[in-house]
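Have a look at the structure below before the remarks.
The letters A, B, C and D name the chains in turn, as written, and every chain counts its residues from 1.
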Amino acid sequence: MRTLKCSSLGIALAFFTLFAVFAGGAWAEEVVIGYTGPLSGPAAQYGRDCLAGVELAVEDINRAGGIKIDGKAYTFKVASYDDMIDPTAAVNNSRRLVSREKAVAVFNPVFNTIAAMMQINEQRGSEFLMMAYTSTPALDKIPNQLTVAIPPPFAAYAIAFADRAWEKGWRKGAMVVTLGAYGDEWRKEFRRVWEAKGGEITADQPANYYTETDFSSHLAAALATNPEFLLVGGPSDPTGLVIEQAKNLGFKGGFMMVDQAKLNYIVDVTFKGDITKMNNVWGVVRTLDLGVHSETQALIDRFVQEKNIKVPTSENFLNYSAMRILAAAMVKAGTVSDPAKIKAAFNEVLPLPVEDNPIMYVGLQGSRLLVQASIQFIEENEYKTPIQSFWWIDDEKELQRLVDMQPPEHKVHRRILPLEGYVMK
Amino acid sequence: MLSVKYLTKNFDGLVAVKELSFDIREGEILAIIGPNGAGKSTVFNLMTGTLAPTSGKVFIHEENITGLKPYQIVKKGVARTFQTTSLFDQLRVIDNMLIAYKWRTRLGFWNTLFHTPAWKSQHDQAARNALETLDFLGLADKALAFIPTLSQEEQKRLAIGIALVCKPKLLLLDEPTGGLIQEETERIALFIKKVRDQGTTVCIIEHKMQMIMGMADRIVVLNYGQKIAEGTPDEIKTNQAVIEAYLGGDVHA
Amino acid sequence: MELFLQQVFNGIMFGSTYAIVALGLTLVMGILHIPNFAHGHLYMLGGYITYLFVATLGLGYWPSLLIAIVVLGFVGIIMEAVVYRPLNEQPHINAFIAAIGALLVLESAVEVIWGPQGMRVPNPYPHTFEFLGIIMSVQRLLVIFGAILLIVLLHLFLKKTLTGTTIEAVAQNREGAMLNGINVNRVSSLTFFISSGTAAVAASFIAPIFVISPAMGAIIGMKAFIIVLLGGMGSIPGAIIGGYFLGLIESLGGGYVSAAYKDVIAFGALIVIFSIKPTGLFGKKEG
Amino acid sequence: MITKPLHTKLLYGFILLAALLLPLYVPDPYMFQVVIMSLIFAIAVLAMNLIIGFTGQASLAHAAFFGFGAYGVAIMTKAGISFWLALPAAASISALIGLIIGPPALRTRGSYFAIVTLAFGVIVWIVAGNWVQVTGGHNGIFGIPRPTPIPIPFIGAIEFFDQPAQYYLVLVFLLLTLFIMHRIVYSIFGLTFMAVRNNEPLADAVGINTFTTKLISFVIANFFAGLAGGLYAAIIGAVSPSVAAHLLTFNFLIFLILGGMASLAGPVVGAFAIPILMELLQDLGHFRMLFFGVLLVATIIYFPRGFVGAVRQLNDKIAARRQAKS
């Protein structure tokens, strides 16, 4: 009886499949997008934010009917696994995503794990596109044909901060930045840029923002050198605490935050909307000013409603963008399975129409996607107009071309702050 | 062969052993007796390097061994047992013997790793020796047994065997029959005599007077860490100081 | 000079937290011989319980603190009964593994319930003032004096009450206490209640000044472990002195030598101390 | 000394055969990857077993020594030194550091030794993250070359780019480690380790220099921890401070205890079973570590001697039942 049931079910299934194959484009095929990152442990919030961006993009694309290649429709599915920033786990997850689930691209948001994944993503027979969400410039120095780095290199932010600080007449700064790969490089880079200008770093007191609960001794040591500004930052919540503790210790100068910390998150969550507590703080542009307000606001609302994220950040947005670009590149390349061809198509599809993607990605150079690094200031208790810095160009004509691509209603200041090693000749 | 000279040990101001001197002569059975807390075990611990004396010295054949570590003193031919039966109770009987034989061999890491000719011969020699000693102990058929399966008497015997396997010149026994019934005690006593007859000098700490009187050639009596008498069993039996020390105490424990 | 005083002040405040957390742990390790490596995670949970009652349910700070003590106390009792009691006869290393299991449960449970992001408990006493050039806040002073009060209360409890002396009796001689009709299991539960409760106090004191996160327990748990061994297992003065010592070393070492290597200084000092005195500063020989 | 019964020998022979033929039937690169990593971990856990399981000294600096091996190979091979030279050199460096840190650390006993080694491990981890010139800081060292190809006359060379070659490389080292561990454990030399674990005063009294014995065990264990770390660096291709973190030590410890201490099969079983379990648990999403924690506590309560202990217990039970029947 049982075998009869099974075999009849099998026959039915076979017929069904046959029918589906014959029917061709009428049935959408699912393309798997892989994600591995910290979904538990200290960096889980960061990992989940990045994942949410990819997921929402996939949901949006699927809602619009997926993508069509040669008349055949494809929808997307995200398969995600936790790696807790362990390279072994990240490599295992990538193998699983690629060999079991046939993922063609895998997202990962931490340099340490990306570095291990880049050892296997070009292996013949199991290639995949490494979608690397890391602003660490070290990534650009690893030769790899199948990597796409999503955010701007953080050196671009360092230069932009240093530039404005110098203009303001500040000369002495101190640093209380998070420990770790990312924070270490930020400190090193900012010191390099600042000292090149002739400025002085009076104190460097890194602290582990993930495990430390009190920063007063770091701050006391830093403030004792009478700096005009403090470079701080790591995850947003402790960064807010650092700023509060520094102000409590009587510091009246300015703050700059590394790109991991988010202005609007700290204002809205840490300080419950009290912007006065964040006065004189500079940081990466708030989410709303990433693109044209109307489009951006719509996307923010969707993150809030559909992904249950209280205060969407650039982690959500940039990963969202990257996924949209990836889908568009697949269409252009005419394949959902050849990572090399898909990567080659990136430059042809950029920039995307603004209604698909509010962030102005304009191209791909080497492994790095090109997008301006925008910083913003909270002064006189309000968000000021952001400054976009273009870090991969060094002439006005190119700037004009790029500005013309942007929707005119996007209100920003623009600067050319070329970054060594990134300027195309 | 072994002499103790003016040995003193203080524990946090408490005097456990005071100015103690005595000799152990080749081929004899010397007993050290005394009431509870007289410092008998402490004397053993001082002689074998487990404790460092506050002052005084220990000699073997004129060689000063004070301050040496226990494992070094073993190599001078002095083996000991502990008051509570002390064995490698997670291992088998034969393993216990082999471990005790280890220092006589050169079975180190490299020899073991490469199974050199030296390893082979010494390994065989160790096994042979262990089995011979087990035979002597009457435990040959238990060679592969695990310790917890042995009877208490067998464990006591094995504890002496571990000390014997390297054929020491001097054997120090700390209450080898503690906790045993009369019959078992007698068997152990006979066994100890057999050990002495094979040419090993024995020094024994014991509570059981009857057994000691029948076995020892000479007796040293301690009280409050000091020697109060020394002599043959007959001399000790009649010694006034000894009788006083044991007065109220249980002579036949 | 002002900087030095400021760092000393900070060090004393850190030290107060360390001392309270280590105090709870030294009771468990000294009396029950349980290497409760999850102690820091109990502290973390204490922070979240405070958060639950202060921020989510809107209760006052002090009532929430009391509730946190009781809740954590019972969590401790459950942990002892479920995790450690079945392991009484096993080697220490097994209990250590069980502790790792327990801390994984606590950390991921908190992560599942409250999420992985850091959170803040509203500060009941945010006022700051300057004294001798040192900037202080009322809450920070509360941590320092609260810790002293707690230590005194605990001392009185252990020395002057019948229950307290029972605990000490078990600490000195477990078998003997059992023969004297002391219910050792009850004492174990009680010890865990006190130990977890004090961890909750430390967390409640600290929560309004800092960010609470699921990961906050790991490092302080390890430090408490080290303080306890440094001060001698079961030694209350050892835990207190060790706690303040570590707090000051970190604060001064971090401020004057290198912030990145601050833990190296503390842990290095530990290794040096142990290699000179293998049983810790106030340690008896381990049985 | 203990000769294994025939069916056990057959079982081991079968496992060896299955291992040698694995590339023929392993379903996909994912499973293959998990197996390769487990082989490496098995080496590290066997080493840990020597110092903790057999010698009874709870060294919690194990990952630090794994890290010395990993960083050693990473730095040397990036400087152009052949992997075949770098690997033994890195393992030896690891052993040498053990020889230096051993004497002060081994002055302490029991829990104190555990905490001193833990502190040493934490220091190594912090230094690995901050000594940028040597270790590359928290970014670590990446783009580590694969093991240098072995030239074979007339045929070409064995290269280590694909999984089968990496697998056999690691398998050979695991078998070598098992062989050496077997020689040590089933010898009078190895018995002295167990003597120290079992009864230190008695070991001392029967002529064993317990301090030296512990030190030798520590150094050998650290050599193999370094070896495993070196292999890890070459296979994964990127090292960062996480290879030296105490969390990795705890992982090894979990593998060891749940596999079964003081046996040679236990560490290997643990190094396979736990990572595979963790892979299966991926489907639980956010509840993964919660579940794992509960499982860990339950296992340690109900199977305190790990997998090997449980099998032994089962065997004894079956034997007892048979005896009762006959």
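In this text, a contact is a pair of C-beta atoms (placed from the backbone, for glycine too) under 8 Å apart; a residue touches a chain by one contact, two chains touch by 3 or more.
These numbers come from a predicted model, not from an experiment.
Undergrad: Both chain B and chain C are touched by which chains?
TA: D
Undergrad: Computing the C-alpha centre of each chain, which chain sits at the greatest distance from chain B?
TA: Result for the farthest chain: A.
Undergrad: Which pairing of chains gives the most C-beta pairs in contact?
TA: Of all chain pairs, the one joined by the most C-beta contacts is C-D.
Undergrad: If I average the Cα coordinates per chain and compare with the overall Cα mean, which chain comes out closest?
TA: Per-chain C-alpha centroids compared to the overall one single out D.
Undergrad: Centre to centre, by mean C-alpha position, how many angstrom separate chain C and chain D?
TA: 33
Undergrad: Can you work out the whole-Å distance between the CA centroids of chain B and chain D?
TA: Chain centres of chain B and chain D, defined by C-alpha means, are spaced 41 Å apart.
Undergrad: Starting from the mean Cα coordinates of chain A and chain D, work out the distance between those two points in Å.
TA: 37
Undergrad: When the centre of a chain is set as the mean of its C-alpha atoms, what distance in Å lies between chain A and chain B?
TA: The mean C-alpha positions of chain A and chain B differ by 75 Å.
Undergrad: Which residues belonging to chain D are in contact with no fewer than two other chains?
TA: Expected reply: 129-130, 286, 288-289.
Undergrad: Which residues of chain C are in contact with two or more other chains?
TA: 108, 111, 260
Undergrad: Can you pull out the residues of chain A that are in contact with at least two other chains?
TA: Residues 40, 179 of chain A each touch two or more of the other chains.
Undergrad: Dump the list of chain pairs that touch, please.
TA: Applying the touch criterion to every chain pair yields A-C, A-D, B-D, C-D.
Undergrad: For a test of understanding, state which residues of chain A touch chain C in their complex under the given definition.
TA: Touch residues, chain A against chain C: 40-42, 44-45, 48, 179, 204-207, 210-211, 213-214, 216-218, 220-221, 224, 235, 237-238, 240-241, 248-250, 270.
Undergrad: Any idea which chain D residues touch chain C in the complex?
TA: 52, 58, 104-105, 107-112, 114-116, 118-120, 122-123, 126-127, 129-130, 246, 250, 253-254, 257-258, 286-290, 292-297, 300-301, 304
Undergrad: With touch defined as at the start, can you tell me which chain C residues reach chain D in the complex?
TA: 35, 82-83, 86-87, 90, 92-94, 96-98, 100-109, 111-112, 222, 225-226, 229, 233, 260-261, 263-264, 267-268, 270-271, 274-275, 278-280, 283, 286
Undergrad: What residues on chain D touch chain B, complex-wise?
TA: 1, 180, 183-184, 187-192, 194-195, 197-199, 201-210, 216, 220
Undergrad: List the residues on chain A that touch chain D in their complex, please.
TA: 39-40, 81-82, 85-89, 91-93, 95-96, 98-100, 111-112, 115-116, 118-120, 123, 126, 136, 138, 142, 179-185, 188
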